[in-house]
Amino acid sequence: MVKKKIRMGMIGGGHGSFIGILHRVAAYMGEDYNLVGGAFDFDYDRAKLFAEELELDLSRVYENIDVFIEKELALDKDTRIEVVVIVTPNFLHYSMAKKLIEAGFNVICEKPVTTTSAEALDLEALVEKNKVVFALTHTYTGYPMVRQMKTMIAKGIIGKIQKIDAQYYQGWINPVIHDKNERSKVWRLDPAKAGISSCMGDIGVHAFNMIEYTTGMKVKKVLSDLSTLYEDNALDVDGTVLLRMNDDVRGVIRSSQIATGEENNLQIAVYGTKGGFKWEQENPNYLYYFKEGEPYQVLKPGNPYNGDFAQESTKMAPGHPEGIFDSMGNIYKGTARAIRKESNIHEGSFPTINDGVRGMQFIEATVASSQNGNVWTEIS
Amino acid sequence: MVKKKIRMGMIGGGHGSFIGILHRVAAYMGEDYNLVGGAFDFDYDRAKLFAEELELDLSRVYENIDVFIEKELALDKDTRIEVVVIVTPNFLHYSMAKKLIEAGFNVICEKPVTTTSAEALDLEALVEKNKVVFALTHTYTGYPMVRQMKTMIAKGIIGKIQKIDAQYYQGWINPVIHDKNERSKVWRLDPAKAGISSCMGDIGVHAFNMIEYTTGMKVKKVLSDLSTLYEDNALDVDGTVLLRMNDDVRGVIRSSQIATGEENNLQIAVYGTKGGFKWEQENPNYLYYFKEGEPYQVLKPGNPYNGDFAQESTKMAPGHPEGIFDSMGNIYKGTARAIRKESNIHEGSFPTINDGVRGMQFIEATVASSQNGNVWTEIS
Amino acid sequence: MVKKKIRMGMIGGGHGSFIGILHRVAAYMGEDYNLVGGAFDFDYDRAKLFAEELELDLSRVYENIDVFIEKELALDKDTRIEVVVIVTPNFLHYSMAKKLIEAGFNVICEKPVTTTSAEALDLEALVEKNKVVFALTHTYTGYPMVRQMKTMIAKGIIGKIQKIDAQYYQGWINPVIHDKNERSKVWRLDPAKAGISSCMGDIGVHAFNMIEYTTGMKVKKVLSDLSTLYEDNALDVDGTVLLRMNDDVRGVIRSSQIATGEENNLQIAVYGTKGGFKWEQENPNYLYYFKEGEPYQVLKPGNPYNGDFAQESTKMAPGHPEGIFDSMGNIYKGTARAIRKESNIHEGSFPTINDGVRGMQFIEATVASSQNGNVWTEIS
Amino acid sequence: MVKKKIRMGMIGGGHGSFIGILHRVAAYMGEDYNLVGGAFDFDYDRAKLFAEELELDLSRVYENIDVFIEKELALDKDTRIEVVVIVTPNFLHYSMAKKLIEAGFNVICEKPVTTTSAEALDLEALVEKNKVVFALTHTYTGYPMVRQMKTMIAKGIIGKIQKIDAQYYQGWINPVIHDKNERSKVWRLDPAKAGISSCMGDIGVHAFNMIEYTTGMKVKKVLSDLSTLYEDNALDVDGTVLLRMNDDVRGVIRSSQIATGEENNLQIAVYGTKGGFKWEQENPNYLYYFKEGEPYQVLKPGNPYNGDFAQESTKMAPGHPEGIFDSMGNIYKGTARAIRKESNIHEGSFPTINDGVRGMQFIEATVASSQNGNVWTEIS
């Protein structure tokens, strides 16, 4: 029987949206979804142009979320969009998600889910009531080795957890924070747009999520020390949070946007009575497993020693970093430019037939040299 | 004006083909291509089922490459497939590419291009004559940091090259090579299927390609020492190749399929009169740049200090390994299973609304703790 | 003019004392000291035997510190011991140091200096009054790259400091802490022997010292969260400390003895307005320097790009880890065994003349092969 | 019974000799040797001054090796020097070793043992005939993890060896090699002083030695490709050597002095039928162990999972890089300067009593903060 693709809509994510393409590619990867329509832009003309490039049916491109819901609901259930991706600015997440859930759509929502926990609790109740699927894209939980860590901890392999340490250090705000005029222009530092927190709200919460995700434990209470660095700056750009988990287990989250030179340095370490784990987002293919009294081990994706969950989260053979898709994608991009006869294509944008010729000549010369007694052999 | 997607066809790559999905996702990534049809399988029923799942127009699904070419050529030029991806077994590459090029199609072909250099030269002549675009997917040349290395070498930043060293070590053949019966079943070791070489033909040639790609130099002659390990084994599973480049520059390629425990350890080091570079495929986001007399530098993708070519080859902000697409893809996969109400979904396959609630509660408690004088604050 | 060696005495450090040999070798390294005598052991016979093995003048081996002081003071100033190394159990440091300082000896004292800050302040006053040199062996401040970090921060290279993070994670107490009987036997957990703290007193204080050493800043106040893990355990085995430095700069120290699998993972990161630094004790030869807007750099000892202080703290050429002394020391140890005709010497304990023969044959064969046109050449 | 120290003499190694101090410290480390005398310098006055600083008995300081031998042989056997360290220029090693062996002294000789294999064979015969101990200081074989690798390979843990790859890359000659005048001044490139090889003779031979040491196998024949880079340069500065071991096992040595930016990058990888090992000299505390089908392991010194040979080659607890001796040595050096009241001592050359005070205050404040309910606590 044919496994049908899920009909997907998108709110936001049009021209120039990095997060939009990330979601579309992710949806494409498993060949589970089919993008059918959406309300991609507050500028309707731009939305239609965008949809045209994607070769979508323009009758499924809508002015806004209200029209989207109204028109889609009018469609037959077999045609209607089944899941809607929300990739609009943060402050719109709550109201849009609410409307979609109430209309019965499944929702995939970019992080943060809302701007307050009250709103989030409201959505939680609605999800339950309307029996829809709601996915929040805390991206880092999708890594194979994070899933392997979760699996092994759940199995009790490191025993009872006794210490948790997570870090999320970035330095991106450093170049602007020290100039009063510049920092006043950063939306992340504007409470009206970013809510009550910059550093904790944007990245500290990822560290928090990773702790609860991998350990299966809950944070019970926190004691924090946040810094805004300047008095005229309202929101935190740095902070340390002491954690008390269930069973009185101690933990700490360190998070910063002023760790100058750091890019996206998310790390998590969990120590138990029998062993420990460490994982780093910038090198996501390595899971460090400490076992009391033995040399530490390094687990990598795609190997049969991993559990089912990690294995099904990997498409590649061992040793291929997942980013190989992107690398292949770059070659396709270069080829597309050539097919379209675009100008100023970088030399080396894609391998040509000549690379094929050279390769075959290399192989033949190499085999000949060895067979003829290890002698120098020319490549024509 | 709307930028039209390129109409893409595919030969091979149907159900269960890992290489097929890699090419389709790569094609999707830049949103430059639209898969329109193909001859996906030698079993036509299976090909149609596969196409149905991809929601393709079944009239564009063909029995084989000959029917593909005949029917597509009969179509209007504005409808006809513009580029064809060849992802069939290696021994078919040559004949299929030949037919497609002669019919005027642009071609994207999996590696290796052919099984002999004579065939490759033949294709090269045909490409020139028919003025089509021919791309060979030497995947590793698509990495941003490989492209940055190429750019910096071309600019003369490390001066005149004086030493080149490339390695491609795998261990995958070790578990089968030592058993006579097992090794006789490996197609890579069968000259009828793999051509004249296993190790050099499959991976050594990548090291060769990376050398010519990054340095812009040509290998003039080789002296090699290949090993089949066992007398009854016809093809090499290991080898070292001494290189003489133009200008008498020395180099070496080391390649193995019996480097037990190695997964996909491709590395390249290039040393010049003013500096040097090192890059490793398993950690593709780091480019090590040695500058005579100074501390070495580590370049990473997405940073403005990179050149245009590397920058346009990156979709992500600095610090995000490219594999984040895959991580996000896993979350979409889990969500799809929930939408389809599949059973046995791993706990933690995608973050739910409850993760959203927890996150907002964490942020609020953290801000409150700090504002109230660093006191313990509960998370409800 | 001849540079005289400093006459050194030692209290404690006799047979079986690891810390004693560490101090003696360190004293030997710069060829600045000469061990002349001491009170090496509370068992006087054992002390004399030990001294005999070291070939010391037995008239300078004393029953205890009081005799040591009395007899040495009776000696001529040109003969008298100039500096005394204290390597006794922690609780004796204060009383011994006090006596020595009051008697006018320079002192080199193992860490911790005392068991209370009142005692330490007392010593500080005595040091000032008696105008002696007092060195406390916070070993990690001796690393070349730590000194380079200190120098560069002092020069303002990373601008104004805005965030400090230090870690000292060990797991050594994990195998014993979970058994009530076992943990009651650990002297580190006995307040009578270890003072008021285990984790902070033993290792957290190193992190603290490294922060003040490298940044030149002072910790003004702390907020800490220490854990004893079990109620019947009196002293902390884990803790996180929030720091407020001068100028309101934030910092954090994380320290643990229950980070299962960690060995001696001391790390320090300092971020400023223009850049940042990271250093790790387990890989002490690498100093990571982040410069806003540029690829990060990795500094290594012995290179002329380092400052004077780091350079004079290195004995080795670049690329030789300092541990090469130990490696050479092992070869000397093996040779000593052979000279003494000891039995059960490990094969390979030192290279023999046959290794020399093989090496020369290798060099000659290699040169011959290349000169004769890259042909196989046998090694006899 | 007292274990007597071995009486050691030294030829060469006086003022300004780096290699001399390396040998003296190594000899001191195990407290097995006592430096008694020598012929430290061809300038006898300088030799005596040097010996005075070391506080040696000047009657044991000799004009040259001939006087050394004559006078020492005249001494009673219980007083006579038992082992002589040769740290003179390379071309003198042979003649000096010969004299010493024939006179019945044990010898510790710096690398290279001689300048030809004929000379080395001659020494080998003499060593046998005179029944003396002869140690050649191939330093890298003294590392604990190299010894652990040797032990595990000998035990058959990685099965039958099937591939060996060693590298020794340096870049030190790059800054001088490209200027004809400069390169003519380098003694390493002068056949009269350096023998028949620069790169292979100085460092390639270490790679060779490491291969034979760790694997226990012998290199049977070589095929090499050496480069002098310039025609007027007589000796190799770069080369690759194909190896054929016993049992027809393949290997390769890559060695260079023009790998710009490399410092002392010696690496060895050995792959067998069941697993593999990798070790790098610049990070000598890590031994990478690949086991077919399992995550790879990382072994570190000092841990009980290591074998006897590695364990007895470590003085430190796990997690302390061996270089901690050097770090401690730097603190002693700084203290010596203070005791000698030298001027221009770097601030921070050694921790003072004030560091002790600060440390105790930190510990007390930290414990108080936690006990008082995690409140801010000042450090006076």
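By written order: A, B, C and D. Residues from 1 in each chain.
Note that a residue touches a chain if its C-beta (ideal position, glycine included) is under 8 Å from a C-beta of that chain, and two chains touch if they have at least 3 such contacts.
Quick caveat, the model's predicted, so the values are computed rather than measured.
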* Counting only C-alpha atoms to place each centre, which chain is farthest from chain D? -> A
* Comparison of A-C and B-C by number of C-beta pairs in contact, larger one -> A-C
* What is the distance in Å between the mean C-alpha positions of chain A and chain C? -> 43
* To do: Give, as an integer number of Å, the spacing between the C-alpha centres of chain B and chain A.
  => 21
* Separation of mean Cα positions, chain C and chain B [Å, integer] -> 48
* Asked: What are the residue numbers in chain B that touch two or more other chains?
  -> 223, 225, 242, 262, 293, 296, 300, 374, 376
* Structure fact -> Touching chain A in the complex, chain C uses residues 158, 162-163, 165, 169, 171, 174-175, 178, 223, 225, 227, 229, 238, 240, 242, 250, 252, 254, 256, 258-262, 269, 271-276, 290-293, 296, 374-376
* **Contacting residues of chain B [partner chain C, same complex]** => 223, 242, 289, 293-300, 303-305, 374
